[in-house]
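Below are structures written as structure tokens.
Okay, so subunit A shows up in both of these, paired with subunit B first and subunit C after.
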Partner chain A sequence: MTDATLNPVSNRGPRARFNLEAWVMRGGIAIAGLFLIVAVILPLYAMLSKSFEDKDGAFIGLTNYVAYFDTPSLSYSISNSLTVSIVATIIVITLAFAYAYAITRTCMRFKGFFRLVALVPILAPSLLPGISFIYMFGKKGFMRELLMGEPIYGFIGIVLGSSFWTFPHALLIMITALSLSDARLYEAAEALRASKLRTFFTVTLPGAKYGVISAIFVVFTLVITDFGVPKVIGGQYSVLATDIYKQVIGQQNFQMGAVVSVMLLIPAVLAFTVDRLVQRRQVALLSARAVPYAPKPSRGRDIGALIFCSVMAGMLLLVLGVAAYASLVKFWPYNLSLGFTHYNFEIMDGGGWGAWFNSMKMAGLTALIGTTLVFTVAYLVEKGQDARFGRVVIQAMAMVPLAVPGMVLGLAYIFFFNNPANPLNGIYATMAILVLSTVAHFYTVAHLTAVTALKQIDGEFESVSSSLKVPFWTTFRRVTVPVCQPAIFSMAVYLFMNAMTTVSAVVFLYSPDTNLASVAVMNMDDAGDIAPAAAMAMMIVYTNLTVVLIYGLLSRLVEKRTQAWRQR
Partner chain B sequence: MSGSAPYLRLQGVSKSFGSFTALQDIALDVHEGEFVCFLGPSGCGKTTLLRIIAGLEIQSAGQITQAGVDISALPPSQRDFGIVFQSYALFPNLNVNRNVAYGLENAGSARAATAQRVEELLALVGLPDQGTKYPAQLSGGQQQRVALARALAMSPGLLLLDEPLSALDAQVRGHLRHEIKSLQRRLGVTTIMVTHDQEEALTMADRIVVMDHGVVEQVGTPLEIYREPVSPFVANFIGTMNQLPCEVNGTGGVKLGVLSIACQDHSVESGASAILAIRPEDVIPHGAGARSPGAPDIIETPGNTFDARIEDMEFLGSFFRAELSGQVLGEAHLLADFSINAVRRMGLETGKELTVELPAERVRVYAGTAV
Partner chain C sequence: MKIDITKYMTTVATFALAGGLAANAAAAETLTVYTAVEAEDLAKYAAAFNSHHPDIEIKWVRDSTGIVTAKLLAEKDNPQADVVWGLAGTSLILLKGEGMLEPYAPNGVKELDPKFVDSEVPPSWVGMDAWVASVCVNIPEAEAAGLPMPASWKDLTKPVYKDQVIMPNPASSGTGFLDVSSWLQMFGEEGGWAYMDGLHANIARYTHSGSKPCKLAAAGEIPIGISFAFRGAKSKAAGAPLEIVVPSEGVGWDMEAAAIIKGTDAMDSAKKLMDFIVTKEANEMYNAGYAVVAYPGVAKPVEHFPEGLVDAMIDNDFDFAAKNRKSILAEWQKRYDSKSEAK
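On to the complex of A and B.
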């Protein structure tokens, strides 16, 4: 029956005729792939190969690595980095779990307020908690007695500062995990007369398991790759992220910088991979018929939760408040009268108000270009029909930035773009490279947001439009973008806020003409101008706060305008 | 059908996804103005075949001609069809008017002409005055009509429908079945509809293409498919069919137990075991002992009759379905549908003995073994 000789028709598939749409689609996919190769893969490759070269660029195998491990002052940072990361992770996970539990599983009052307050650290650069803790626990700190003689500079400071700024990241994941619980399991446990404690360990914890695991990896990665906190408050306690900076900026030893980068890349990539593998197993666990859990009032538990959350929120606000207050105080701790003298950045090193304007420009461009680019690429990958291999490769490359620490990316950009042989050499030390590196740095989360939104819309829009002779780009503009507009807004805000606060990648890439606010905070702090540093950090907070408020207003407005067709 | 060239012709169409063969060597002619249904169980390749006709999927081998033009390699945008998906795929941010006008606007037709055409189309599908609503504000059935109007907007030569009614509840479905069919007749547009619902196919199609595991099992009018299924699969998929083990004897008939049965022509060689197939409603009841001389309503020609006993009887609304046992049947049971009238007249009930007849023109024989 299937004998080919009996079949009068050619046995090979037909060759498609020229088709503009298909070529535009393929072209788009090719450009997207090229972009990610240039912005992510090639710089990383340049960085890796640098670690195997000597100063003149000759290949010397593992010599640099041997030298690294022969230098205790360098290799000791590995265990330092691991120690602070693990300790901070344990603290943050415990607190964030309890906080998320109070928000999702109790009838505590003011949940909305507590939820908002907990997100406050996201507005600030990670340099800010360092500065605040110096005011609180430093030599002239008003709470230094609490440390009982221990210095804040070093281990304690890094753990405290890291805990502050990673708390909201852990909290968001935990809230999601704990909200996904199935009320039927609790009913079953109650019917079986399981004790409260037993129910917690047999139902609550396993249900939130994947969320907790994910939060652990996220916090660990954030802490170990962070540069801001250890830079400000690390003192003599060296960690990998600050070592890269010292090697490159302090000693101009780029090869050793590359080696340290690899040392930092390894745990980050490991954490990323394990997390991905674990998360892959979660999908099967969620059943579509799950009934959302609604907590019942329980006086003791609810009051306990309220007290705990009040204390936590109080501490978070205190850290922010100290920076805000310190930036206004004339001369801490001798003259506590208030004024704006520290906001007169022009008289300081660090770039003055220009740095803040540069940051605004950089963040604006990153949000605009980044959102457009990331969303378009995600669209091509999700809705594209052919070039299957290309799309799979792009998907994979889009995940890479999440595993690459900012310091590593920044250094990789130096190696790649500062090479005179590179035709893109011209963007070195310009605004363009700052925007490019920031888009690349925060690519993955924005990409995942776009993909999630795109997956939720009907997969046949493109098919319908081609049957109506409408090219896919028209449907992209008229339907896909408007439908995904909430996701697009949140991508833009995410990119903007991160561009405002980031230090790690851009610290290697800014030039005197393109000074940034976050870098200025670091430089002023370095120069001992800690109050102006606090002032600039607060400027970043105020900027982000304004953007969030505008975002909220705009979202509400658009929601009103589109509620006729948005079903919920 | 007439001798004119078919409007759509598929030859040797195959499709594989990796090592999995989704379609194998499909040949099919569809004539102008015809309503054809692809019918088969879920996963048999109906949607894939429809998408290949639309150009949304490219066949691994084979040729497709539409209106005399080889369209095998054309992208969807260069083919001539309108399509309605199971999900309708209405654009949620555009109101009904803009959805229906979507293709027209892009083709650059004048505003007034577009508006008039949209109005016409909405009247056609029975949705006048709903143009300013958004899809989310419409019921499932209304959304389906909008999708239909949009698919018809560009006056396509071929209308493709992929399970258009499966997302609707039974009542709306029955109503829309009728409407789509009469709309199609009125417009005379050649239509292919995918469905896994036999009733839908039987009531709507001019011709049905029964598919299974990526191959076409049978093509024919609903009556042909129902009356003369070419295989046990088709027989079972459409309606209910008794399948009894039998053996082909030298005369072209079969032996059921000890009884010789005359049947329709078949191609099973004599001596081979085979499947005797008959639909429950084709089984004719007679009074008990009608075969024996002297019985009150004796059968003149006692061929194809045997004695049986009612093991169980179920009332199915307009008729009774009885489960019969008998010596001739061996272990097997025979399902038979009796009219309410016959049941009352003959006093049929569980445990009752009777004589049944399997009319030769309704008995079909297939190769294979009944399970």
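On to the complex of A and C.
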């Protein structure tokens, strides 16, 4: 209440209006908080407590954890997970840095093209590279000589597959980090006659430091929490994410699944926390007087960059192309004629074409509901005048999903929603729980996008509206939403694509009525039907590609109308 | 263009509502049927049943034998399945021991070979067919790797086959379990585990499903896949250069069987389905892939089936297999699980 009376804005409105408006605002904040508690916090609590219980639900302290460390085949996965994650992170960070450097700091040709191609893996589920690698590096693979007799199944396959699908994530961060730099530093370096190499280590690298650190943690977390790559190509090399699945689905040992989940949660949360702490120390790199750096042509460097980017882009396209080809070959490797027989999903595991339609529905609903919800909550948090404490708590809760692996979230949802005592028990095994879990899983990035967009809008809009006696929901509808349209669109596309490709959370939550395309890919591969699995994976890619193209066209059209004010 | 947020919200609400309505409309006569039958046959099985009972919709939940068994056990207090149609007999004997099956004598059950029917009256489960272990060998791949054609189980432990064999994980796969169970019965407990120790040294990977080793052999990913005869015959029919080997010591087998899960709220429909499962028509359908079926006189030879397969079937002790399933799997996992594929 003191908040409200101190607030000059609300004092201007008539008493009656103020009450209604404040009520709606507080109600909205309360609902938002409740949503995040139900969708994220309570399930995680249910999961944690399960790891301290026996089969009948009695508290047994650390017994499950002792059993875990007493079983070498289980605890061994911890070092396996860390090893693949660290190796893949080093590879991806090196390659992504070089690629981003070529795009931002050279005068290489076709920059736009290379930038687009590098994003291709985002369209595909992480199961796809594993499938492609069987055709490339398997016993009958056309590139198997490159492995010099080593099998692709296991360590090598996991590292390669993880590198493929995390590359664009690292690249986007690196491009942002390398785009901002002060040309005056380079002029100074040149004036001091520093060598190119020295300039690189004393100016370029420190300037991009925070971006690189962020990318390291993002890639590490993505790899260690990923389930798709090790599931398909992991062979006998067990990692934490596949162990959770083995325990829960294979042996229906939910308590042990919860213990492994905690083991996976620890590195993910650590990486997240360290990254946050480091980023906090970042100071503005670009002062008002900075001169943006523009690369000057340098023949050798530019040609080298072009060659490097061509090789990288070629490899990314090759992996995708192999999956597309594999889905068409009639009987690899003995009958190489092409056809669409593998697209006859009805005779396979996974739920047939219905799974694809379900995925479309799930992704559409996730985009629609998720965007509406996330944006509204972000608005309340960012522009709300009241309930300061509530807003801070929501802000913090909105960050949690980023640190929670999908497998862990999915298992947490089983524990929380499949409990007959839960009034929300009814949504278990329905489309609703798939949408809810997917919105929760990808909440943070969408939230941050919305917050960034909202921060760009001057708070004066709210003040002016308020003094004109316009309630906040009218301002929201007539000013905020149209101004933020580009961000809203990109949130929707982000949620849609991730809902199409995700396996980790939903693999525990789908039911025979709600088979999903991404899960079908996994199930078909499990049954040995690798070509149909490739076909379904390609259906996901084609769907996402279509959505991205529509988004590109639509945002151009809409931007012309709603964003004209950005031009003077 | 301005976006009308109320319109936006209405659309969301309509979607949610439509979803809810659709869910209600589907609540007619549905039977949730758990199965481990090959996915490509499920539509055929359902269609055959629906030609007699178009009003009963079958909702399949399919996975490998071990997974379905584990799922049923986990759901013991809150069963989700109405009927099990096509799960290993060993698993059903186990479920019967847990008191999870509803005894019912389907109309016409007397026609079946008594070996395929639970001996108690009324029976808790009825068999459909037998599926039999076999070894799929990719002929060109084996030649390229310089491997002799194996003739017996013992052959597969020879050093020449190192990393050239794939077999299913018995914890998840019914085929994998019947192999392990048959080795323990044929070679004795000690000899069986000693055999598996030797075999383990040659195994490249253990797979989640029992069909996958043969499918991998068919695709040339591995020269030798331990699988079952029906899968091998299907891959051979699809053009794979396979030889289906029947090991000389004899081959393990299990029957596919069906039962009603206790506590089902669709008992009438479940009984109708059980009545259909024992018909001659249904058995003819099983015969498409299984050389031995429960209905006497129905079985015709299956195309691409190896010769002598039926004679090689061991005298299987199902009670031994069911009773010791848990401890066998625990021992197996302790010894070999680090090589297993995820799941």
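In the analysis below, the second predicted complex is superposed on the first by the 539 of 568 C-alpha atoms of A that agree within 3 Å, B and C clash if a C-alpha of one lies under 4 Å from a C-alpha of the other, contacts with A are read in each partner's own complex, and residues count from 1 in each chain.
Keep this in mind: contacts are C-beta pairs under 8 Å (C-beta built on N, C-alpha and C of every residue); 3 or more make two chains touch, one makes a residue touch a chain.
Since this is a predicted model, take the numbers as computed values, not measurements.
Asks: Return the chain, subunit B or subunit C, that is in touch with more residues of subunit A.
Replies: It is C that touches the greater number of subunit A residues.
Asks: Based on the superposed arrangement, let me know which partner A:R478 touches: subunit B (first), subunit C (second), both, or neither?
Replies: Touch status of A:R478: both partners.
Asks: A:T372 contacts which: subunit B (first), subunit C (second), both, neither?
Replies: So A:T372 only meets subunit C here.
Asks: Going by the contact rule set out at the top, does A:G235 touch subunit B (first), subunit C (second), both, or neither?
Replies: After superposing on A, A:G235 lies in contact with subunit C but is clear of subunit B.
Asks: Is A:S467 touching anything from subunit B or subunit C once the two structures are fitted on A? First, second, both or neither.
Replies: first
Asks: For A:S195, decide between first (touching subunit B), second (touching subunit C), both and neither.
Replies: So A:S195 meets neither subunit B nor subunit C here.
Asks: For A:T562, select first, second, both or neither according to whether it touches subunit B, subunit C, the two together, or no partner.
Replies: A:T562: touches subunit B and subunit C.
Asks: Report for A:S337: first if it touches subunit B alone, second if subunit C alone, otherwise both or neither.
Replies: neither
Asks: Just checking: does A:N19 make contact with subunit B only, subunit C only, both, or neither of them? Give me first, second, both or neither.
Replies: The first partner, subunit B, only.
Asks: Starting from the residues of subunit A touching subunit B, keep only those that also touch subunit C in the other complex, and list them.
Replies: Residues 478, 482, 562 of subunit A touch both subunit B and subunit C.
Asks: Provide the residue numbers of subunit B that touch subunit A in the complex, in ascending order.
Replies: Touch list, subunit B to subunit A: 11-12, 24-25, 51, 54-56, 58-63, 72-78, 81-83, 85, 87, 89, 91-95, 102-103, 106-107, 134-137, 150-151, 153-154, 156.
Asks: Can you tell me which positions in subunit C touch subunit A when the two form their complex?
Replies: 1-6, 8-9, 11-12, 15-16, 19, 23, 26, 32, 39-40, 43, 59-62, 64, 66-67, 70-71, 73-74, 78, 141, 163, 171-172, 204-209, 211-216, 219-222, 238-241, 333, 337-343
Asks: For subunit A, which residues are in contact with subunit B within the complex?
Replies: That would be residues 1-2, 7-17, 19, 21-22, 458, 460-461, 463-471, 474-475, 478-479, 482-483, 562, 564-567 of subunit A.
Asks: Taking the touch rule as given, give the residues of subunit A at its contact with subunit C in the complex, in rising order.
Replies: 72-73, 76, 134, 138-140, 151, 153, 230-231, 234-236, 238, 242-243, 245-246, 249-252, 254, 331-335, 346-350, 365, 368-369, 372, 420, 430-432, 476-478, 481-482, 485, 512-513, 526-530, 558, 561-562
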